[in-house]
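Got some structures for you, see below.
Each of the two complexes below includes chain A, the first together with chain B, the second together with chain C.
This part shows the complex of A and B:
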């Protein structure tokens, strides 16, 4: 039970911790106030609690596809925040762009916490009526959260302590991969809810790296790895990364005109 | 009489269309799936109705099916799967993976 709790919580925390740490680091590198992060954490956890407490009703809404639709929306909100963030970064000299930039950071962090936090809350609260299991689950969860947060802290210090330009580039690269992963997951939920017709996987790399293996799990958290993605998922992944690069590139070229 | 027959056949036809994909029920009890082997026709879309009878939440998850859905305690969820080519597709309960194991067999 204990080890199981470690793994479950680690998986959920890792993804949110990665998004938060990269944004924190980029905020630091861009000389932003970090107090906003506290507000984002508070709102995020409140939202996650509301989601977890109402999961049954949400699941049965929209003919049983409410959970998929909400998750797809949350993933899309994170992607759109990333997109606007990347567009707004080159125009930091302009007050309005700076404001918009901060809004996207806060929104992405809140949404990531709602998405991952709700599952953690549901998992743990399920044991409230079972005292025998509750303490190993809480202990395991604490260890899992600790490991996940440590990875986040590691990435934060890695980015902040690099030469600023390298740190920004690496942060951007991680955000690109997160962006692709978010859109691919949104598409997966739309297939699961039957809004997008299911089709055969475009490739099967489960023999090389299984999603069950530690490497597979880590790759899933870092780059959104899927061993058997639907063609729509793979297309969504690569085209959304392409969109982020093009949008960031165009915005960078026009940076002189708004500052 | 002929008109009645036409009406009747129309009713049958429309109900078949409205019914949509076949529904298969799976229960979760004591962190086990009942049944733990679900046989479905290959190349057909199927609607799984997963009823969680336990007080604890469970996450229905399958890497092979690319599905994941959290089901709160004492509630149910709908998951569409397929059309699948013939073969075995394991699924598991992420919150209790030691016991909650099952597979979909498309044939």
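This part shows the complex of A and C:
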């Protein structure tokens, strides 16, 4: 039970910790105020609690596909926030772009915490009625959260202690991969809700790296690794990364015109 | 990195957490495997015990008292066709292959681990089984008990690291406090109780820098002071020679008049340079005392009255007793400079108004005149050394070296006061307003 709890909580915490640490580091490298993070965390946790408490109503909505659709929407919101963030970064000299940039960071962090936090709350509260399993679940959750947060701390200090330009580029790269992962997961939820027809997996790499292994979890959080992705997921993943690169590139080229 | 303490706390804690938790997971897996092998040994022993305790070869129906719902046993004949005996909760069929060893089987909606033992002596099969989930829970319960302290230790480690890093950074904090708490004129070396190896270079280099700075200031002060003192003597000699020359050539000679102006300007300059260095906040080790600024203004006006009379200017002093904590000599210099400026730039017959009064927990001094004034865009610049508004082409044609307001600003700074230039209420002239803080 402990190992299951570790894997499930690690997966959720690692993803949220990575998004928060990269945004925190980029905010520091771009000389932004960090107090907004506290606000975003508080709003995010409150949102996650509200989501978890109303899960039954959400699940019943849209002919029983409410939860999948809402999760797909949350992932899409994170992706759109990342897209606008990357477009707005080259125009930091302009006050309105700076404001928009801050809004996208706050929105992405709040949404990520609502998504991952609600999963964690649901998982742990599910064991409240089973005293025999609660103790290993709580301990496994503590271990998973500890490992996930530690990795987040290392990423943050790695980025802020690198040369500023390298830190920004590495942060950008991680955000690209997170963006691709978000869209792939949104597509996965739409497949689960039957809004997109399921197809046979493009490949099966579970024999090489299992999704349940520690490496699989880290890769999942880092690059959205799926051992058996549907063709739609793979297409969404690569095209969304391509879109982020093109949008950021165009914005970078036109940076002088708005500043 | 915004805070060294936070960086050390978080990075150390993250390292400890990561290493400990990965080790914990490894330990958990090893302990669980070990526990499973212990349960297997127990199952094997139980099978042998049941074999020796049940030697009857006739068939019995559910005879054995049930020990626990989580285990069962069966005894089959050599062909596995006839069930000789079983525990009450055991199935009446063979749940898996009757081959000696461990097997995992499904029964009664649970997964069971059984051990099949071949009793060679009585030629029969003994099957003993345990529910896997119960075995797993038991093992996990024991293992978790031993791993719990590792998880609880993390917040304790966080507290200890926070305190330890705080203690470790104490010399750095003391160093920063001492640097921050230094007065502008305090160039004494920084003294730390215990200097850690990492700070030795920083402290010694800072102290060396402070020492060099102190020497440079002293040298500059000595040079300015010595130069001014040394120049006073030749100027006095020049004045004597000028007097003798005037006796010989008469007062009307133009060259004599020019020479007189030049010598007076040089004398004034030397006096002002001396005053400038005496009142500089970097140099002045001011002795503060209670001073009645109103009374002091009366004294200064009285002593300089002749210069106002010469230009037939009307000077007035308003206000009341106003006590402040200050350096008497510096305040006297300040009043002399302000009044001298007013005298110089106010035309003959003009007005000069001095107000000294207690104001908002402090003392306010206003000196205003009916002269030409200074445009607002020049208010900042007139405090610069040797800067004169309109230079030597000033309409007044008065003697000046551009140090008067610099000296005033030094004295204002020395007293932590504020100075503001504005337009006089006597017309378009200059109004200088200084607000001194009250006595503490």
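Basically, the second predicted complex is superposed on the first by the 241 of 259 C-alpha atoms of A that agree within 3 Å, B and C clash if a C-alpha of one lies under 4 Å from a C-alpha of the other, contacts with A are read in each partner's own complex, and residues count from 1 in each chain.
Please note the rule applied: contacts are C-beta pairs under 8 Å (C-beta built on N, C-alpha and C of every residue); 3 or more make two chains touch, one makes a residue touch a chain.
Note that this is a predicted model, so its numbers are computed, not measured.
Novice: Who does A:142 touch here: chain B (first), chain C (second), both, or neither?
Specialist: It touches chain C, and chain B stays clear.
Novice: Please indicate which partner A:65 is in contact with in the superposed arrangement: first for chain B, second for chain C, both, or neither.
Specialist: Once the two structures are laid over each other on A, A:65 reaches chain B alone.
Novice: Between chain B and chain C, pick out the one touching the greater number of residues of chain A.
Specialist: So, of the two partners, B touches more residues of chain A.
Novice: Contact-wise, after the overlay, does A:99 reach chain B, chain C, both or neither (first, second, both, neither)?
Specialist: neither
Novice: For A:164, decide between first (touching chain B), second (touching chain C), both and neither.
Specialist: Neither chain B nor chain C is touched by A:164.
Novice: In the superposed arrangement, does A:198 touch chain B (first), chain C (second), both or neither?
Specialist: In the superposition, A:198 contacts chain B only.
Novice: With both complexes superposed on chain A, which partner does A:213 reach: first (chain B), second (chain C), both or neither?
Specialist: In the superposed model, A:213 contacts neither chain B nor chain C.
Novice: Output the chain A positions appearing in both contact lists, the one against chain B and the one against chain C.
Specialist: Touching chain B and chain C on chain A: no residues.
Novice: Which residues of chain A touch chain C in their complex?
Specialist: Chain A residues touching chain C: 1-3, 6, 28, 132, 135-136, 139, 142-143, 146-147, 149-151, 153-154, 157, 160-161.
Novice: State the interface residues of chain A toward chain B in the complex, per the touch definition above.
Specialist: Contact set of chain A toward chain B: 4, 8, 55-56, 59-60, 63-65, 67-68, 118-119, 122-123, 125-127, 129-130, 188, 191-194, 198, 200-201, 206, 210-212, 226-230, 233.
Novice: If we count contacts the way the header does, which residues on chain B are in touch with chain A in the complex?
Specialist: Against chain A, chain B makes touches at 45, 55-57, 59, 63-64, 66-73, 75-83, 85, 94-98.
Novice: Which residues, counting only chain C, touch chain A once they are in their complex?
Specialist: 1-2, 7, 10-11, 13-15, 17-18, 21-22, 24-25, 28-29, 137, 140-141, 144, 147-148, 151, 154
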